[in-house]
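What follows is a pair of complexes built around chain A, which joins chain B in one and chain C in the other.
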Partner chain A sequence: MLAFVVQRLYQAVLVMLAVALIAFALFNYVGDPINNMVGQDTSQADRERLRQELGLNDGFVVQFARFVARAARGEFGLSYQQARPVGQIILEKMPATLELSFVAATLALVIGLPMGIYTGLHRHSWLSQLLLGLSLVGVSLPTFLIGILLILMFAVVLGWLPSFGRGSVVTVGWWSSGLVTLDGWRAILMPAVTLSLFQMTLIMRLVRAEMIEVLRTDYIKFARARGLTNWSVNFGHALKNTLVPVITIAGLQIGSIIAFAIITETVFQWPGMGLMFIQAVSFVDIPVMAAYLVLVGFFFVVINFVVDLLYHVVDPRLRVDRERVGIG
Partner chain B sequence: MRPRPALRRVFDSDLWWSFRRSPVTVAAAAVASIIIGGALLASWIAPHDPFDPASLSLLDASNPPAWLDGGSWTFPLGTDNQGRDVLSAILYGSRLSLSVGASAVVLAMALGVTLGLLSGWHGGLIDTIIMRIADVELSFPAILVALLIDGVARGVLPRDAQSEIASYVLIAAIALSFWVQYARTVRASTLVERNKEYIQAARVIGVHPAKIILGHLLPNVIGPVLVIATINLALAVLTEATLSFLGVGLPPTQPSLGTLIRNGNDYLFSGDWWISIFPGVVLAALILSVNLLGDWLRDVFNPKLR
Partner chain C sequence: MTRRLLWVCRCALSAAALVVAVSAIGEARTFRWANDGDPTTMDPHARSDLFVTTFDMNMYEPLLRRDRELKLEPALATGWSNIDPTTWRFKLRQGVKFHDGTPLTVDDVVFSFQRATAPGSDLAGQLAIVKEVKKIDDSTVDFITDGPAPILPNYLVGIAIMSKAWCEAHNTIRAAMLKDEESYATRNANGTGPFMLKDRQPAVRTVLIKNPDWWGLDDQPIDVDEVVFSRIENSATRVAALLSGELDMVCNVPPQDIERIQKTQGMKLWETPELRTIFLGMDQGRDELLESNVKDKNPFKDKRVRQAFTQAIDEDAVKTKVMRGFARPTALMVGPGINGYDVTIDKRYPYDPVAAKKLLAEAGYPDGFEVGFDCPNDRYVNDEAICQAVVVMLARIGVKVDLLAQTKAKYFAKINAPGFTTSFYLLGWTPTPLDTLHMLSNLAQTRSKDFRDGAWNEGGYSNSSLDELIKKIQVELDSEKRNELISAALRIVKEDFAYVPLHQQIVVWASRANVELAPMGNNDFQLRYVKLN
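Let's turn to the complex of A and B:
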């Protein structure tokens, strides 16, 4: 187990270094950082001095090491567009994205799981067929189109929900929360539904496939032969065993939710990190782009790492196999 | 006594039989053919030329579709804020969307198959490097990778050249985010195939390695790749549309379906829903039908999954 953790950690560090390298290259070689900082009337000597002070004349390895060390402390320099520290900007935007992702993930799980169980247990009922058909359409509809349709329906035609922004937020320390006001909940409803739909259909299809598979196995047949109630067979025996892959996939999807939040945030003008990133891309605001890249890379690596460990803990077979072949 | 053996073979094949047996697939094929056909023939069948500024008139701006009050059959699906015919814009837009999507898939396939063959055939350090890069890329969603590559390219390239080469940048970004799947599939089957007798025999009689790889190995590993390519076409079109919608894809001068939806989105609140909804419907129909065709192909070629 320890060897497995170490091996995974090593991989995670490798991925993080690769991401940092890309961000660093972006930072240093896309355009001239000095030109982006000083005005046109700065003399050549001043530029050279600034270059020397900022350490831009040092060797590649030294500069990269410095970049990693500063990134680890959350320092990414100043945003070209807003002339403020990037770390500060991200810290302001992070609560919005995390709240949106959290609500979306919860929605996906709370609705997707029962739908998956139902369609798995009652494969041929009309409701199952309907849900499956809808899920196929849901997968094919682009996220931004779903958002536009929702806005058209609930904001333009019916006028029930706001079409952009977070509503009123309450700031506690550095965390600004929209989840404590009614206004905030009204604002988060449409973005969260939009963001969760893809994951919801994914979880539903996954649970359904796993349920169907497990219900075919011998131990379920024996459980029924022993005269256990349907409830106990379906939920105590079958569902429990379908949850292993569901945990994995659902866990890995948290990363995708953060990534897809870029699209949802753009559609609903949600003031989070995704919208910030899109704006940074259109303004070629390299420090913000680099910081977002490192941060999202970090999220992904942590999530992958935790899911790997969870998988290992939940499924004992994996442990035995690995030890036998001597990989772990 | 067979007049047209080639055609006969098509109609006698398992593929045709299973195609005819699945009404959903037939419907999907019909929808896909209509959209693709419309895109290919855009310059002939489009009622107006949306790229010709001379034909635009602001008097025609924001006309609703023909069946609503104030609409006319000159513009069957209405016009946008500049008086462009929405139907024509959709026809030309799907052509752009499809050509960017298809080029990206072909490029991703070429890149992925080459790297996969190289990786599986050589092994060793090359294999390790290629597969490590693949692992890193695979831990991020493709759309995020495409977005990053696109964003970086915008930073590197001069601003005035950007709108001209935007479609090439987009194709490269999508291809670079999609190649991993091909490389992994090809590498896996190459590892199996290269130890089989026919490859061994070819080696023993001294056939040049390049000829073995291209002439003997490639035909035997390409099957699954073509299936992946069909499914990927839908994904590539979706990625293109998403990036264009986000404003980092094709510029307004070359409107793809995604760009059209983005443009129309600004007029949603003034009630001009047709500017963005019609391109959206076409996009969704295209993706759904290509997805269904891809699923069907996968099932036919891989009966185990049925």
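Let's turn to the complex of A and C:
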């Protein structure tokens, strides 16, 4: 087990280095930050001085090495746009994104799972057809369009929910939470629904397919032959066996929810890391972009790691195989 | 029994107090507005970004400011004059206090100008002509300049006065833009202005409250108690937030949303002709264009080609089709509101593709030629769409234009000094001091080696008689004579077809019908003018 963890950590470092390297290579194509930072009356000499101070004249390798060396010490420099430490900015934005992702993932599970079970059990009912049809709309409409439509409906026409921002937040230490105020819940509803739609559809379709698959198997037939109740067959036997792949996929999707949050956050002006990243891109705020990409890389590595560990917990066969190999 | 009665009474009383308190909050006059950009720093010296300066100048104040008609008016200075050609003397307003209670002194003024010109500040470029700022007595300060400086007062509008004691106490005597630590002044403010900083969440929300001790309250009562600014980048969301009643006002309404707001009850639009001129520039410096099929010569060196380009552009169509009417076609490189603008010569060469094609043929290009075209796609209103229209219009006279529209960070890196790697481009220009000289010396003067002159003359335009004229304008203190010289210079730029001026864009803001405000052509937004009826 320890060897496994060490090996994983080693891989994580490699992955993050690779992410940073690719990110840095891309920064050469986003443009020149200097013109965004200074006014039209700043002299050419002053522009050149600023460029020198920021180290933008150094070669790619030098810039990359400097970034890695500083990042290893937890320093990401100052944001070009805000003139504040990048680490501090990210810490400020992280709770917003994590809360949004958490609520979106919960919504996807809590709504997607029952819908999947229902459409799996009642394949030909009109409600199933309706849900499947709606889910098709859910996956095919782009996120920003769904967001704008929701805003139009619930903020402009009905006036029920706020169209932007996080509402009022309560700060505990460095964490700011919108989930403890009514205002915050009102604000998170539309962004969370927008963000969860895709995952919800995915989970529903996955559960449905797995259910249909499992319901055809022999042991379900035997269970029915034993005279068990429908409830016991459907939920005690069938559902339990569909959950293993669902947990895996849902876990892995948390990473993409955080990544997908970029678009949702832009539409709803949700003050999270995704919005921060978009702002950084348009300003060519290299320190913020670099730190964000490395951080997202880190998230994915951690999530994958946890999922790998869960595999071992959930699926006994994996453990047995490995032990046998160990003995052999 | 009595005790219980007392208890009930006390409860009722405190409930009543609560109601009173709540309704008092309800009565606090809050003005909520949003823009696509954020005032990235509260430090008024750190950036020379239009929106940052505009925002911060509600908390800080300059010596002189502009009124709603853009005329200079006294702010922290009560009077100013030229005591000799190279000295401007300012009288400081007495009895002014900073938000923290310390009184404003001449030392603060001297300190502020040192801070604004020191490394770490981005304002040095505007004050390059100032040699020294000298304290004369407790109410007088002199600005000694390197030669006569007729428009120095115009520049001072953008320089905020900070408290020396406050900056020293918080270790921010330099506007640190990019050191390893955040400067205290980045998220805190202590000015003398009509509003005080209450809460600052960078890129999210900034809350200002009325300064009850502002020196100007007698002449100009301030109507709002609290101002909440939110940054909303997505224009659809911004407009939706206005329509849903979450905001009182939004800046920069995109042309496609204007009609919708117009049709909504209880909303109103604020249209302001901006002072920025959108124009096309051509590389006239190189002997061979970088991006063209014409080899060994540069077609733009021929005045007839430049005239052909000018007459091939149907600006009326650009105005109605691309800008949906929100533009003011111009023949000059400056618009009304800029000192030196001359209405008598602001007459466009007529749109005439036939004449244009003839001019091209005379210049030796009967079948036109091919040229690259640089354009930003996120800098000006509908910039990329304007460029696409230009491509179509030039195709009619046989010129094949290869459009490269890209984000401003890439666009400016391509066309700016020192490379100037462009053959043909679209740019916009607002003279910082709202004076024509600034346009002339940046866009029309021959480029100097250090690019101090002609810094934004991307096309390398050069005309020695114009250069002479510009040098005279720089030192002429008599404003009548000076404006005559400016007219002559504008005439040369026009008749030489140095640029192809297109239009001044009209910026549109939207608000609820009960809001009164004073949008200004330089995009200045002074919250002291806001009224909620």
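Quick notes on this one:
Convention: the second predicted complex is superposed on the first by the 251 of 328 C-alpha atoms of A that agree within 3 Å, B and C clash if a C-alpha of one lies under 4 Å from a C-alpha of the other, contacts with A are read in each partner's own complex, and residues count from 1 in each chain.
As a convention for this text, a contact is a pair of C-beta atoms (placed from the backbone, for glycine too) under 8 Å apart; a residue touches a chain by one contact, two chains touch by 3 or more.
Because the structure is predicted, anything quoted here is derived from the model rather than measured.
Of the two partner chains placed by superposition, chain B and chain C are both touched by A:Val284. Residue contacts after overlaying the shared chain place A:Val15 against chain B, while chain C stays out of touching range. Contact with both chain B and chain C is seen for A:Thr266 once the two complexes are overlaid on the shared chain.
Using the contact criterion defined above for the overlaid structures, shared-chain residue A:Ile151 touches chain B and also reaches chain C.
Look at A:Asn241: by the touch rule set out above, it reaches neither chain B nor chain C. Note: residues 30-31, 148, 151-152, 156, 163, 266-267, 278, 282, 284 of chain A belong to the chain B contact set and to the chain C contact set alike, using the contact criterion stated above.
Of all the residues in chain C, the ones that touch chain A in their complex are 40-41, 43, 46-49, 122-126, 128, 176-183, 186-187, 201-205, 230-234, 236-238, 240-241, 243-246, 378, 406-413, 416-418, 429, 432, 442, 450-452, 455-456.
Interface residues of chain A, counted against chain B in their complex, comprise 11, 14-15, 18-19, 26, 30-31, 136-137, 139-145, 148-149, 151-152, 156, 163, 255-256, 259-260, 262-263, 266-267, 278, 280-282, 284, 286, 289, 293, 296-297, 300-301, 304. Partner chain A is touched in their complex by these residues of chain B: 132, 135-136, 139-141, 143-144, 147-148, 150-152, 154-156, 234, 238, 241-242, 245-248, 261, 265, 268-269, 271, 273, 276-277, 280, 283-284, 287-288, 291-292.
Put simply, chain A touches chain C in their complex at residues 30-46, 50, 53-54, 77-78, 80-85, 88-89, 148, 151-152, 155-156, 159, 162-165, 266-269, 271, 275-276, 278-279, 282-284.
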